[in-house]
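Alright, structures below, take your time with them.
Two complexes come next, and they have one chain in common, subunit A, joined by subunit B in the first and subunit C in the second.
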Partner chain A sequence: MTDWNLFFDGWIIAIAATCAVACTLPGCFLVLRRMSLMGDAISHAVLPGIAVGFLLSGSRSNGIMFAGAIIAGFFTAFFSQWLRRFGRVDEGAAMGVVFTTLFALGLLLIVQGADSVDLDPSCVLYGALELAPLDLVTLPFTGGLRVPRAFMMLMIVLLVNLVILISLFKTFRIAAFDPSQAAAQRMRPDLAHHLLMAMTAITTVAAFEAVGSIIVVAMIVVPAVIARLFVHRLGSMLLVAAMVGVAAAAAGHYTAVELPHLVGYGSVPTSGMIAVIGGLMLLASIMVNPRQGVIPRFLRRWRFRMQTTREDLLALAWRLEERGTAPTATILSQDLMSARRVSRLETRWSLRRLVDAGAFESQGETLRLSDSGRRDARDLVRSHRLWEAWLTRTIGLAPDHVHDTAMRLEHVTDEAMRERLASETGAPEEDPHGRSIPD
Partner chain B sequence: MSTQRDIDWNALLEVLVLANWNTRVVVLGVTALGIAGGVVGTFMLLRRRALLGDALSHATLPGIVLAFLVASALGIGGKSHGILLLGALVSGTLGIFAVHWLTSSGRLSEDSALGVVLSTFFGAGAALLGLAQQESSASAAGLETFIYGKTASMLVRDAILIGATSIATVGCCVVFFKELRLICFDPDFARGHGMRTGGYDFLLMSLVMAVVVVGLQAVGLVLVIAILVIPAAAARFWTNMTGRMLLTSGFIGGLGGWLGTMLSALAPGLPAGAMVVLALGGIFLVSLLLGRRRGLLRRIIRLRRRALLMERDHALRAIWECLEQSGTHDCLGSHIGFRRGWATFRTAKRLQHAGLLVVEAVEGGDERISFTPSGEREAASVVRRHRLWEHYLMRRADFDEQHVDRGADDLEHLLPIDLLEELEKELDADTRAMLPSPHSLHPDGPGGGGS
Partner chain C sequence: MSIRTSQPSLGSEHSPDSPLSIHAMTVAYERRPVLWDIDLDITPGSLVGVIGPNGAGKSTLIKAALDLVPKLSGEVQVFGRPYREQRQHVAYVPQRESVDWDFPVTVLDVVCMGLYHTLGLFRPVNRRIRDRGMQALTQVGLSDFANRQIAQLSGGQQQRTFLARALVQDAALHLMDEPFAGVDAATEQTIVSLLRDLQSRGRTTVVIHHDLQTASEYFDHVLLLNTRVVAFGPTKEVFTPENLEATYGGKLTLLDQASQALAGHAQGVGR
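Let's look at the complex of A and B:
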């Protein structure tokens, strides 16, 4: 176990969480407008701005550097949009051209100035979240309350983003989903777009200066994507994304500190782990989300399959009794396995469940249908034979082609549908194969 | 100053003839990489997946670091290049599959999937790098060259690896050109014809993978993206044909690689990777401005030419209609309103220079305008074309009188002249005679000539 320090670890999580929430606000809109990689592009492209600011001033944390980064960020956002609109360059390619060129320019400037100044380009990528709590500033109007500079800066950006979003929420919403509709209603979708670009640039620059670009790239895309899997309203999407961001920040820092100890190492960069946790949260969301999740879908399919097997067994037993044969577990499972692809294990297990549920009464080898079991079985057989009758009479299928279709349809037919089928087919006594239809 | 220049010339010569063994290796290696990147990037751009290289190159980082950790744990030595590149290959491939799995069945949109994979893998890489630095700070520092590249210290075997990979990659693109083009433009059609699009898609991804992995050590993780994206985006300005675009893009990639490494060899403190990308960026900018197909200059000229043509037609028609109404041979400039608009006045001056109009100043600051014989012929054909469209629109498209003038304005300049013959047939019009205007002419002619 590590020694947790409430001051340090508390501030690290607070800074990371603020950063995450600040990023999710523009992030949701970027994801909706299919520009998820804008954060990535801007966070790489700010390098020359930083380098110029750094070379001009010679120190690491000051306004000139920040201004340089903001300018480079704005340039990336607007120039890549301009390339797309007027140069007719594919959106992704436009971003790729701009940010790689700017990044190269930044590297060149840093190498050129390497003799006079010391700036490590890797600080751009990973940031120094672990050191952020050391750099304190005194908040005005609070009687000398001291907070980390990074926290204050990110808080300001977060508030600015919130204010912009709340005051123009309607415009943003309609511009995200239907820009032409927005234009038709005189809602200025271009204003929303430009503001979004500006928000993205400022947030990216502020965040990466404080905590490195990995968190920015991750928190712009991942929480929004996760939120989108669960909710379908913009307001809730923003809320869920913000919560996901906070959770990822806390869990990321925790695992960055604790996880490496399990394999005998010291802690690893929190920013990297936050991104990893974000990715894992998305993976989990894709697996479990109730609507399209992989696991719920699998369970639904599995449940339906099991139900089908049980119903087929019941109907088989009814047919055996109709022919005067006493159904046994062996006969039933053999019959079912020859009728459709089903494993012995699955059949046995389904039979067991039917016995447990009281649909069968076991008398030695024989499995006799109980009253409730017989009722269900009769309904199924009735559905099956009515469907056969309907398919031959109304659709005009040949009698030897209707069995398989009826096998499938009988499992999704309820009482009302059965009666409707009966009246449509004139309540026949017999199905097309000459067997009587039970009632 | 002069001595410095002498040294520069010597150095320049030395670089240009590739006298230095090291320079030769680097230049050839990076040029080959540029060609391969340009060729593969073309298909990626057309497939609308330009930034897949972005996600992919970031996704190689955890593999590199993990390979380093495993190698040093096994005592093979973390610097062994083959192992690191194998790690990059494995985690990059994992990244491709992750993107594919996330986008299949419409779970996420393409860009979101790229962003998610990029950030997760790169985050894992950064975290693992933290471990590697604890392991042995000195040799882990070498790993960072994968992020920023270390072109200058390229070895012969690196160059050979890059060259061989590039040849194989370009060869694959040539052999499977048809199939790759098909999955770029119409994957559904390809599927409909029984083509295994998934397989070719995977081939394309593998080619990108190959370029990224060999490019990593040359120009680094971020800048290898440029080699995949920029040449293709620049080539798009020059041609509309896939085959030609492939050649152009390969050429641009190679040129950028050559130019960049040359420049970096000329002076100290110019990192080769960055110089290659900046060279490519420069070529992109030139293509954006001058490109033959989509270049800005070309498009501006085309638009300007069309605008001038429209102004000319409008002015001719205004004057012709004015004369038609008054039944005279000349009219006053103020009468057709060309004093009102600068554009019309300028147009009239141009027509005078072209020998279509005669403009004489009269008292009161006005002008007297008349046609020269060739001007009259030209104006008559312009007016006739306009009226043919007007009649057509009224008869076939149910335009009413008030709107038909504008409708014809839109059509007469955009649709090809050959259509006129069909129009005449359609309207049973005499092929020579002037038609009457279907609507009443405004006393001032149709506006200030322009509207």
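Let's look at the complex of A and C:
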């Protein structure tokens, strides 16, 4: 267990969470407009702006550097749009070209001009979140309340983003969903677009110094993608994305401090860990989300398979009784295992569930079908034999080729379908193999 | 460079009461003309089918009229005035594929978008807007789906959502880009009766259509288009084999006609 410091760790989480929420707001719209890479592009491309600002002013953390970064950010957004429109380059490629060029230019400028000073390129990528609580400023109008400068900056950016999005919510919605409709209605989709680029640039620049661009890139894309998996409306998407951002910030910092100790290392940078946690949360969301999640889909298939096994056992028992043989657990499982690939365990377990559900009554070795079990079994056999009749008569398949298909179809056939099958085959008494069709 | 004046010197050809009057309009993509010298006066209250082969400029005609793509030259007037002054009288139904149907909005949200222009820039969607949206959804038979996400709709239901968004605008002129593409038979009937209903209320509708089989049944006017206007007028007079031949560049053999009809059916049945 590490020593937790309420002041330090509290502020680190607060700064990271504020940054995450500020990023998710433009992030949701960037993801919906398929421009997720814009955050990545801008956060790298601001480097020459920072470098020039630094060279002009000769110091870190001041207005000129910030202004240089924002200008570079706008330039990235503007120039990649320009390349896309006039150079006919695809959106992703345009952003890629612009930001790698600008990032490289920034690195050259820093190495060349800022050799003697403390501007470290890696700082731009990873930030110095752990040191942010040391740099305090006094909030105006609060009677001397002192908060970290990074927190104040990010909170201002967060509030600006929030005010813009709330006041122009419907413009942003229609511009992201259907820009041509927005234009036809004079809803100014261009205004929404430019504001979105501006929000992305300002948020990215405000965040890079304190927390590093790695968080910005992650928090612009990941919470939005997670939220989109779970909700149906834009407002809820923004809300869920913000909550995911906060959760990733808190969990990321906790993990960064605690996890390495468990395996005997010192703590790792929080900003990197937040991005990793974000990625893991996305992976988990893809597994569990109720609509297209991997696990729910697997469960649905598994349930269907188990139902199929139980129904096959019922139908087998009915056929045995039809031939005058008393069904036993051994005969049933052997019959089923010879019919299709199914494990002994699954068969035994399914039989037990059928007995528990009252479909079978066990009398010593014998498993007799109960009244309800016999009804279900008869429906299945009727479906099966009607399908065989239909497949041979209507489709013209050979009678020895229809059993397997009918065996699959019988599990998804309801009463209405049986009626139709019967009427389309002329309500036959016997299936193609000469066995009587129960009714 | 286009010069926009409210009283064009050469605009005497514009019929002042025409719902949509296009004069000498040319549109090009990368120097290749897509529409060439288009002149049109849509008759008030008519139901016009726009017909032509792929790449004939059908969608571009509507988009250029709505200022969604730039024109090289030409003018568009809506009820005798430039379109930019008359937007509130025009409702546009884009192609269904033009938007992302996984977008997190509900059916009602989409319909309400038709009324955003009636709200101020900062005003949120209110009850009045939602009530009118529900009315339009009832008209297209989708009121039970109001709170579904649009991804959960079938193709035909998505098309009806777009129609409801146009209906809610209560416009005098409707421009629809392939509303019959990829819809089921029930939706096709719904759309046809909606078009008839609009016409009975004196509204004018221009519909891009791909199915030659149904064109003469659905529309009282047809515009045969292939970069230029090949023929335009009442369906009985204009929808002739000779004009179709000219529209499809002489390539419309019996086989083409049959496959055109088949393609229409395949799209109608598909999905």
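Before moving on, here are some points about what is shown:
Please note the rule applied: the second predicted complex is superposed on the first by the 384 of 439 C-alpha atoms of A that agree within 3 Å, B and C clash if a C-alpha of one lies under 4 Å from a C-alpha of the other, contacts with A are read in each partner's own complex, and residues count from 1 in each chain.
Keep this in mind: a residue touches a chain if its C-beta (ideal position, glycine included) is under 8 Å from a C-beta of that chain, and two chains touch if they have at least 3 such contacts.
Since the model is a prediction, treat every value here as computed from it, not as a measurement.
Superposition model on subunit A: subunit B and subunit C are shown in a clashing arrangement.
Of the two partner chains placed by the overlay, only subunit C lies in contact with A:232; subunit B stays clear of it.
Considering which of subunit B and subunit C touches more of subunit A, the answer is B. Touch criterion met: A:87 reaches subunit B, while subunit C stays clear of it. With both structures placed on the common chain, the touch criterion links A:183 to subunit C but leaves subunit B unconnected.
Once the two complexes are laid over each other on the shared chain, residue contacts for A:296 go to neither subunit B nor subunit C. Looking at the shared chain after the overlay, A:105 reaches subunit B, while subunit C stays out of its contact range.
In the superposed three-chain arrangement, subunit C is struck by just one stretch of subunit B from 37-45, 109-117 or 397-405, namely 397-405. On the side of subunit A, the complex with subunit B involves touching residues 31, 34-37, 39-40, 44, 83, 86-90, 92-97, 100-101, 103-105, 107-108, 111-112, 114, 121-122, 125-126, 214, 217-218, 220-222, 224-225, 256, 260, 265-269, 271-276, 278-280, 282, 286, 292. On the subunit A side of its complex with subunit C, the touching residues are 32, 167-171, 173-174, 176-178, 180-188, 228, 231-234, 236-237.
Taken together, the subunit B residues at the contact with subunit A in this complex read 45, 48-51, 53-54, 102, 107-112, 114-131, 134, 144, 147-148, 222-223, 225-226, 228-230, 232-233, 236-237, 269-271, 273-278, 280-281, 284, 288, 294, 296. Against subunit A, in their complex, subunit C makes its touches with residues 63, 66-68, 87, 90, 92, 94, 98-100, 103-106, 109-110, 113-114, 116-117, 119, 121-122, 124-125, 148-149, 165.
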